[in-house]
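Both complexes shown next keep chain A, but they swap its partner, so chain B is in the first and chain C is in the second.
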Partner chain A sequence: NMALRELASLEKYLGLKKPNKYSTQGDKKVPVLQNNNAPPLVGLVTIACHLVKEAKRPELLGDGAEGRAVVQQWLEYRVTKLDSHTEDTKSILKDLNLYMQDKVYLAGNQLTLADVLMYYGIHSVILDLAVQEKEQYVNVARWFDHIQHHPGVRHHLPPVVVLRNRLYTSRHH
Partner chain B sequence: MTKEEANGATEEEQQAQSKKALKKQQKEAEKAAKKAEKQAKLAAEQQSADEDDFAKDRYGVSAMVQSQQKPDRALVRVEDLTPQKVDQLIWLRARVHTSRAKGKQCFLVLRQQQFNVQALVAVGDRASKQMVKFAANITKESIVDVEAMVRKVEQKIESCSQQDVELHIERIFVISQAEPRLPLQLEDAVRPDGDGEEEGRATVNQDTRLDNRVIDLRLPKTTTSQAIFRLQSGVCQLFRDTLTKKGFVEIQTPKIISAASEGGANVFTVSYFKSSAYLAQSPQLYKQMCICADFDKVFCVGPVFRAEDSNTHRHLTEFVGLDIEMAFNYHYHEVIDSITDTMVQIFKGLRDNFQTEIQTVSKQFPSEPFKFLEPTLRLEYTEALAMLREAGVEMGDEDDLSTPNEKLLGRLVKEKYDTDFYVLDKYPLAVRPFYTMPDPNNPKYSNSYDMFMRGEEILSGAQRVHDPQLLTERALHHQIDLEKIKSYIDSFRYGAPPHGGGGIGLERVCMLYLGLHNVRQTSMFPRDPKRLTP
Partner chain C sequence: MGFGDLKSASGLKVLNDFLSDRSYIEGFVPSQADVAVFDVLSAPPPADLCHALRWYNHIKSYQSQKNSLPGVKRPLGQYGPPGVADATSGSAPAAADDDDDDIDLFGSDEEEDTEATKLKEQRLAEYAAKKAKKPALIAKSSLLLDVKPWDDETDMAKLEECVRSIEMDGLVWGQSKLVPVGYGIKKLQISCVVEDDKVGTDILEEKITAFEDFVQSMDVAAFNKI
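Up next is the complex of A and B:
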């Protein structure tokens, strides 16, 4: 189950010593975490946010009210747009490429949970892109390469090659 | 009704009928009279028109040229209409590119291949208004003979190749009339593909062009097609000249053969009297037999037939192969060097002598100029694998290169070495034909090579197995019926020199040199699984 592997990787990144035991529910195998006496936590994003708080790394959820809102927006985007396959991949890449034109991270000026979960979510798409397509979505590729090289983030996913030099410079190919 | 009444009625009817008939006759008579009057009037007008047409002997549709006569008349070429000829009365034959009446004048543009000139028929003491009308109505592409005075123009005529002069026509005759509806409009065919869509004007699609090649090849204004095929002619000539200078002999090889030379799958079968034969997929076997016959170095230029059901931008079922084969002393790199040097001479010859054609083509089909290194870049297969793996491609050591990987490799090589032409040496043995010499040090590899232009393969070659024993082993390994290649193997039994070679496709080389994207553009009458005409 990809979601469970993501959570395991996230735990490692956060440096949580004791890995949690997760169960799943429903056909979609949504992850569930028993939460002592409180009601169980359901869903990748909910659990991930909980883990971040548990690890006492609140900055990963965003800086300031606006920053936190942007992080939540991207976490929602991950689950509703990316995972659900409701939108065509090309338009997701196009939107993301435009958004990342002038940004290093998805929210604010440092790595947040938004970057990590979007990286996990979009990995299989980027893995299948041809060199030419990675050049076409150059900002997405740049952000992706940056995140996958961030210490401690990658874990369960194979590295994707992103070339530094442009091979397809002119429009004739 | 009583009989009397009936009779009476009939009589009335008859009377009525005869009245009707009379009226009808009268009407018809009137009509006939009117018609006769009209005809008489027309005839009279025509006569007066003829009488008024003082120029009627100076224009018209000529009788079909059936070699009736040998007039003592020199025809001037349009390209020679320069200020030097001003005030001379000349004859020329050209196509009507356009003709446009404007009041008492008719402006024509007369065209010969890529050259055109403005011409004028004006009502005056040489031309009547009927003559001007005639000129304006000549259909486009018709061939005309024209006698005209060459006149200087004050302002350069920008839209014609001959900008300093125009013709004042005194006589004009149609030698061959074109049908009024052309299957494609030349202005549309000449328009660069991208532009048309933007401005809502038509561009002509490839199939229409190919179906009407006779007109498509005329493409006047930019003469793209003419430029392409003139360049192609140059490639052949440079190939022949370079190899002849190197001491190669041109040979001709048979195209109807008894056994498929490259493997049974992609070969055309023809009926041969009571049995069957095949169309040659390459001159491979015959080139080699010539080497065994001590020709030392040979080349041949001829058709190659591949029954491959590939509908791609770079495959034809029939194309022109330029093939080389040579004996060498100790190392097959002597062969590679000879081939790459030949290619470089061709590239230089095109660059130095065909700039007009290259520029003409790039106006309609823009591309980067072709780059090459001296000496030619040669990479080993293992190096190429490393480059591809570094770019994220997963490939086994003995895998063949797929077309997308070939193209990616071409990009990586261009980025790293800045060349559009390179050699890839030491291919895995498993993916090469049975007659390829294995590498002496590593049985997984072979003494074979491919050459690439702009990332696409243009030549496949190798050192050939010249030992009959090894050749037999390799054939068995590839599960080839030895009976079918008995005479081929026999040619190596009586002393055979070590040798190697390769073959290129003329159309593909032209396409890639010019940076075009479809091999049909560089094949005059292309053949593919869906096209057998014209």
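Up next is the complex of A and C:
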């Protein structure tokens, strides 16, 4: 189950010593975290945000009110647009490419949970992109390569080669 | 390496191209490499150089912590795309800042009059130029590597892509072929040429076996001095 593998990877990134035990519900296999005597937490984003707080890394949820809103916007995007397959992949890549033109991270100037969950979610899309497409969506490719190399982020996903061999001479005229 | 003249439009264009698929000048975290280039720019790059501008605004957000970013500032000619030289006027070798702490035991930190600084910069420029002159003879070796996958279901095309994605100064990948080793498993036999003092077989092995999802092991099948 991909969602459970993501949560396990996230726990590793956060340095949480004791991995949690998750279960799933429904035929969509939505992850569930039993929370001692409290009601269970349901859903990838809900559990991920809880893990971030458990690890005492609030900055991963955004910096300031606006930053936090942007993070939540991308977490929602992950579930409603990326995972749901309601949106055509090309238009997702186009949106993301335009958005990333002047940004290094999805929200603010530091890595947040938005980058991590979007990276997990979009990995299979990037894996299947042809070389020309990676050059066409150059900002997405740049962001993706950055996040997958960010210390501690990549655990359960194989690296995707984002070729940086474009020779300078081929662009010089 | 270098970006040409970073104080001119053409140099900024080189920087922009270089940054189109990179978040940072070097590696994947902000470092002194970014500080070295940032400090040379007198103003933000124009809006049409969107990658350079994106990088500039991002590095600016680290201004308060610039001294604690990892790495060491190096001369501009050590960053950027190959095949371009640094032509930025007045780019003194950044080594000046780091060496001060070690040498200046008897001098006073406040007493920096322009004459002394100029002389120091000139001497350091000569030293850096001397160091930059590469020896005519560089020791090289030709290696043939055997890269073994986990099983016969491993995607050998992706495995090869991963291996070829390893970029190092002094490493050039050559031809490759797939060699069957039994039970349907094929190993990747790939050749490369390395500069001996820059690339060693243990670091190559480390980097190749890091692709743990594809690579089970790596061996040096052949090693010849060129």
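The criterion applied here is as follows: the second predicted complex is superposed on the first by the 164 of 173 C-alpha atoms of A that agree within 3 Å, B and C clash if a C-alpha of one lies under 4 Å from a C-alpha of the other, contacts with A are read in each partner's own complex, and residues count from 1 in each chain.
The rule is short, and it goes like this: a residue touches a chain if its C-beta (ideal position, glycine included) is under 8 Å from a C-beta of that chain, and two chains touch if they have at least 3 such contacts.
Only a predicted model underlies this, so the values are computations on that prediction, with no experimental measurement involved.
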Practice task
Answer with first, second, both or neither: which of chain B and chain C does A:Pro151 touch in the superposed model?
Solution key: second
Exercise for the section: On the superposed three-chain arrangement, identify whether chain B or chain C touches more chain A residues. Expected result: C
Exercise for the section: Using the touch definition from the top, say if A:Ala130 reaches chain B (first), chain C (second), both or neither. Expected result: first
Practice task
Figure out whether A:Val161 sits in contact with chain B (first) or chain C (second), or with both, or with neither.
Solution key: both
Handout entry: Partner chain(s) touched by A:Trp143 [first = chain B, second = chain C, both, neither]
Key = second
Practice task
Examine A:Asn109 and indicate which partner it touches, taking first as chain B and second as chain C; both and neither are also allowed.
Solution key: second
Practice task
Report for A:Gln101: first if it touches chain B alone, second if chain C alone, otherwise both or neither.
Solution key: second
Practice task
Determine where on chain A the residues touched by chain B overlap those touched by chain C, and list them.
Solution key: 161, 163, 166, 168
Completion exercise
In the complex, the residues of chain B that touch chain A are 366-368, 390-392, 404, 408, 411-412, 414-415, 515
Handout entry: In the complex with chain C, residue positions of chain A that touch it
Key = 101-104, 109, 138, 141-143, 145-146, 149-151, 158-159, 161-164, 166, 168-169, 171
Handout entry: chain A-facing residues of chain C, complex
Key = 14, 17-18, 20-23, 27-29, 50, 53-55, 57-58, 61-62, 81-84, 158, 161-162, 164-165, 167, 211, 213-214
Exercise for the section: Over in the complex, which chain A residues touch chain B? Could you list them? Expected result: 130-131, 160-161, 163, 165-168, 170, 172
